[in-house]
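Next come two complexes built around subunit A: one with subunit B, the other with subunit C.
Then we have the complex of A and B:
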């Protein structure tokens, strides 16, 4: 069997190979014997596969299975009353049923979905673009030599060092309508209290502001790293050629930052799209449902609403995942078009 | 604005210098003020929490209340347990994968990298309900174990992803010399590369820890009952629709933030390098 396959392989590959095989000796060839691609692949790659096995296993069990189950739930009418549950010593079997695409029809047919989607996109674009711009400006400033640079850098990084939910509570305190420091300062200047978290428009402004505040340090540090990897000679040469500062920024700094920018923009877009804590802890999606994004909506369906609608939440989850995957594909394709290997 | 800042590269006029410092100073104030204000508030008597005075009668009353009369210590212990075990398990499971992806070319590598990237995008919204039901069936709701398993869904993909970036920075020649000395690939990894990657492991671990430490959604959904909460859930109980104990909230915030912040200052330089290296070299 082994001899036969090795012969056919050799024939297919040409006479030279056949000679080569013969010259190398029979024992090795038959020993490694190939019953086909899989066996050979296993022989060469088993170390690599053994090393990734733990992660593949973990991903399969705690992400893959729930993922499939989530997709399945979105096709049922599961809610807190009909899933299997244990009350005291009594175990009640699940009674929910398969309903096909009804949930999707319901969610997509409801204007609420479009509302959430539009606000989520606006919120993501606003947060990422403002964060990126501020990060770029500050990184450029910090990338120069001047006194006090280290101190500024420390101060500007501080928001990143504080766990997110702590910062959000801090902001909730500052934003407090009657007693918050922001309104007291405004009051001192003779400006009427701003309903930071109680008015739909102001609440939207507030959640964006807090997210930007949280995100700028990471952006700034990442871009600063990128700036420092651009060789200084490029700037010197450009200056010699009489390039204006704007031209230098446009033609040296920006292209030099491309790789880093692409990465941080992708990361921060995904993070912002899925930014649960800021909205959940700052406004609870309110006032009303004006700041609710897709992710908090999915959470609301399953854990805030009554009765808890597990199927509905899973449906929102699947839709969010689909949107993000489309985004990742488009993003990757656009990078490829520009010749980036990624 | 960016045009403005770029124009002043190199030698600066006094005006440009003033602009630079003014901008940075303003930004620094915005960055520091909320944190500083919470610190000051935590030192005010609870009933004056909302006053705008800087500290008039500094007191540690809020901290005493927090440590003696609230569940803060059990929240803290829960958080340390959950985040700590998640970190150790996450790094341990992910290290070999990071190495394999960094060093070998093998069928299935690209899909694996993609899976790692994509799983970083979605966990919460889509996994939360199935995981909640699963934990319910296994009787793990309200148990640290349930939260640890859940957090591994977040920690493992990005630990593997970040670790790949760190392993990429270790020269392949070291592997080759190990191979020449008769070590198998796993031996090379375990005896040579892992010790060299210690700083990377530490940073990855720190990131996993901080992520689990600050997670809100799963913690809010899976843990109920005052003493079972983690810090993220516990802090919410101070400021609800009906009560606002800003004094306790601010003291708790300080106690949660200070250890993290100190550690962070040392780690931050490597944090970004790790994240972006994994992504750009992928």
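Then we have the complex of A and C:
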């Protein structure tokens, strides 16, 4: 249940960015129109405006306000000792102050930021590319007619159905060096125990493996949908022309999947970039701090040290959001160059 | 965005807590005493471990026998997540517990944030007069008493008597002796000498005390973890692992340590009285007499173990403070302390409890009492609890060889200074 929520939080964060991007695009368009145009649009489409008003309001309250508040906090020295809080009947007023860009200077000036950023990018690229490749292979395999297809699909979709934190805990048991099943199996084969979560390199491998395991079903289903929308005639025609299977894959399947794959890659990149639960629950960023990504570091800033540094954490949050927005913009621009309509 | 992250984090933290305890923490009754009689609900967040919790739940719920109109709602919160969970609950005020069992290192932190209700003057006097002075000190912040000590503890060296006897070695008194003993054990049985917990920096404290160092010097507001003794301690930890004297893990250390020791995969471990009940459940200790406890092995300077324990505090925003304070008094009463000493081998905090036959006859108490008397008192500063996380990162790095002892000490010192603003 909780992981579902966390998944949807990740999703919401993803949507959030997308909406941001979309909103920017839209506003750019309205900006180019003059004021009279806006009034006319209001007059003719008042009904549509009235209909979307509740949504805009809700989004404003649950996304806009916290976002603005987060940006504001990142410009202050707010921490657990100086924010306002209510303890029973007693109310303590906030005493934090505006400090400008000090927090940003501190975070960006700390070598830790760069270390985390590099690993976050490596981890995102690794997870997304492996997940996508595996998803594509599995989708192609499942797109054929064979006995027990439904059963295979069920089995492959299962990781998606299990709450994320349950899977992560299960993996944690499997990975346990001394008592885990994986090492017991290896031991049976005469291979020495692998320090899955105890060695920085193996720990990185492990978190990537679990994320891939969790992400493949979504990829697979999305791509399967894409595959099924490619008309069969194309394949028949290509076959008649004597195209090899590889040529068919390369020239029909891949271009046919483009719209779907571009979307899922963008989504999956944003999710993976912010994949808090896997890292937090599997390794807590360890051993040491070797698997710590930007979001888990932001958590550490806010919730581990005492007093909790809300301003510092907000700064990390804003920086993460900025990075994702830049990525989404660049990505969209490159797609547009390739003729995709977005 | 901060909220977004906080929400994700919160969800993850709650998920952890929910899976582990599955407890419903809602407290919807806020009655106070009527006509001198206590009534209402007291929600208690207990952090005791799996082996201890059943006993504590029973003891807590027996409070109703004394105050029939008070309902005790027992919630077990896993120790590892408790500090955060308690802070989340206290700062939001909703669903906050009335009474918490706080690690001695957290009391100053919670008190400094205004979360804890001061102990009634009468009780505070009793704490000063009837409790072990070092235990009483842990419940104070700036001269006022905010929590009543429930149990006190320290670390000791647990050993498997049979395994040591088979290898023909005595319980080691120093780390040098420990290395020799570990080699003999390995030669004899192929098992590890010591399990050294590598994922929790509390277990690093005996090593740093052993070299004559400490994390901080609160009197002079100085960070001392990165001085020569500190570096030596990181070096010692690394040596224990590389020399093969100790095995360790960077994750799931508690479970792996208990499993290794209980099943005889490791002949020794460093642990505290809270582990005794669980250890007795292991195959190797069906005969309780097989479990021996000695002082932690000395480093090159001395043998030193940290003073730990747990205090009970009342939430300042509790709607039911009278009942909550009465509950704390009950939970720290002599009778209850004697019972938990007998059932769980936990050490009482009341001086007089040690005169009780049930306590006197407990071998573990007999061992740990003098150890506690000599234990190194930590700096009771609000930041005490938050020093362990950055220290853990560096300790794990040093012990797994990801960074050198010098770098680990230096990095830990730098992190400490970030937390302790203005300290040298």
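Throughout what follows, the second predicted complex is superposed on the first by the 300 of 342 C-alpha atoms of A that agree within 3 Å, B and C clash if a C-alpha of one lies under 4 Å from a C-alpha of the other, contacts with A are read in each partner's own complex, and residues count from 1 in each chain.
Rule of thumb we're sticking to: a contact is a pair of C-beta atoms (placed from the backbone, for glycine too) under 8 Å apart; a residue touches a chain by one contact, two chains touch by 3 or more.
Small disclaimer: the values here were computed from a predicted structure and weren't measured.
Undergrad: Examine A:204 and indicate which partner it touches, taking first as subunit B and second as subunit C; both and neither are also allowed.
TA: Neither partner.
Undergrad: After superposing on the shared chain, does subunit C or subunit B touch more subunit A residues?
TA: B
Undergrad: With both complexes superposed on chain A, which partner does A:40 reach: first (subunit B), second (subunit C), both or neither?
TA: Neither partner.
Undergrad: Tell me the contact category for A:302 with respect to subunit B and subunit C: first, second, both or neither.
TA: A:302 sits against subunit B and subunit C alike.
Undergrad: Using the superposition on chain A described above, determine whether A:81 touches subunit B (first), subunit C (second), both, or neither.
TA: A:81 contacts subunit C only, not subunit B.
Undergrad: Looking at A:321, would you say it contacts subunit B, subunit C, both, or neither? Reply first, second, both or neither.
TA: both
Undergrad: Now for A:138: first (subunit B), second (subunit C), both, or neither, which partner does it touch?
TA: Touch partner of A:138: subunit B, not subunit C.
Undergrad: Could you look at A:152 and tell me whether it touches subunit B, subunit C, both or neither (first, second, both, neither)?
TA: First partner only, subunit B.
Undergrad: Using the superposition described at the top, list the residues of subunit A that contact subunit B and also contact subunit C.
TA: Touching subunit B in the first complex and subunit C in the second, residues 66-67, 69-70, 73, 85-86, 165-166, 169, 172, 176, 179, 274, 276-277, 280-281, 295, 298-299, 302-303, 310, 313-314, 316-318, 320-321 of subunit A appear in both lists.
Undergrad: Where on subunit B is subunit A touching in the complex?
TA: 1-3, 5-10, 17, 20-21, 23-25, 27-28, 30-32, 34-35, 37-38, 41, 50, 52, 93-94, 96-97, 99-101, 104, 106-109, 112, 115, 117-134, 136-137, 139, 149-150, 152-153, 156-157, 160, 184-186, 189, 210, 213-214, 216-217, 220-221, 231-232, 235-236, 239, 244, 246, 249-250, 253, 256-257, 260-261, 264-265, 268, 271-273, 275-276, 279-280, 282
Undergrad: Under the definition above, what is the set of subunit A residues touching subunit B in their complex?
TA: By the definition above, subunit A touches subunit B via 41, 45, 47-52, 54-56, 58-59, 62-63, 65-67, 69-70, 73, 83-86, 133-134, 136-138, 140-142, 144, 146, 148, 152, 154-167, 169-174, 176, 179, 181, 184, 213, 216-218, 221-222, 225, 235, 239, 244-246, 248-249, 253, 259-260, 262-264, 266-267, 270, 274, 276-277, 280-281, 294-295, 298-299, 302-303, 310, 313-314, 316-318, 320-321, 324-325, 328, 342.
Undergrad: If we count contacts the way the header does, which residues on subunit C are in touch with subunit A in the complex?
TA: By the definition above, subunit C touches subunit A via 1-9, 11-16, 18-19, 84, 87, 90-91, 93, 109, 112-115, 198-199, 249-252, 255-256, 259-260, 265, 315-319, 382-383, 385-386, 389-390, 393-394, 396-397, 400, 402-403, 418-419.
Undergrad: Taking the touch rule as given, give the residues of subunit A at its contact with subunit C in the complex, in rising order.
TA: Listed in rising order, the residues are 2-3, 5-6, 9-10, 12-13, 16, 66-67, 69-71, 73-74, 80-81, 85-90, 92, 165-166, 169, 172, 176-179, 195, 197-200, 203, 274, 276-277, 280-281, 283-290, 295, 298-300, 302-308, 310, 313-314, 316-318, 320-321.
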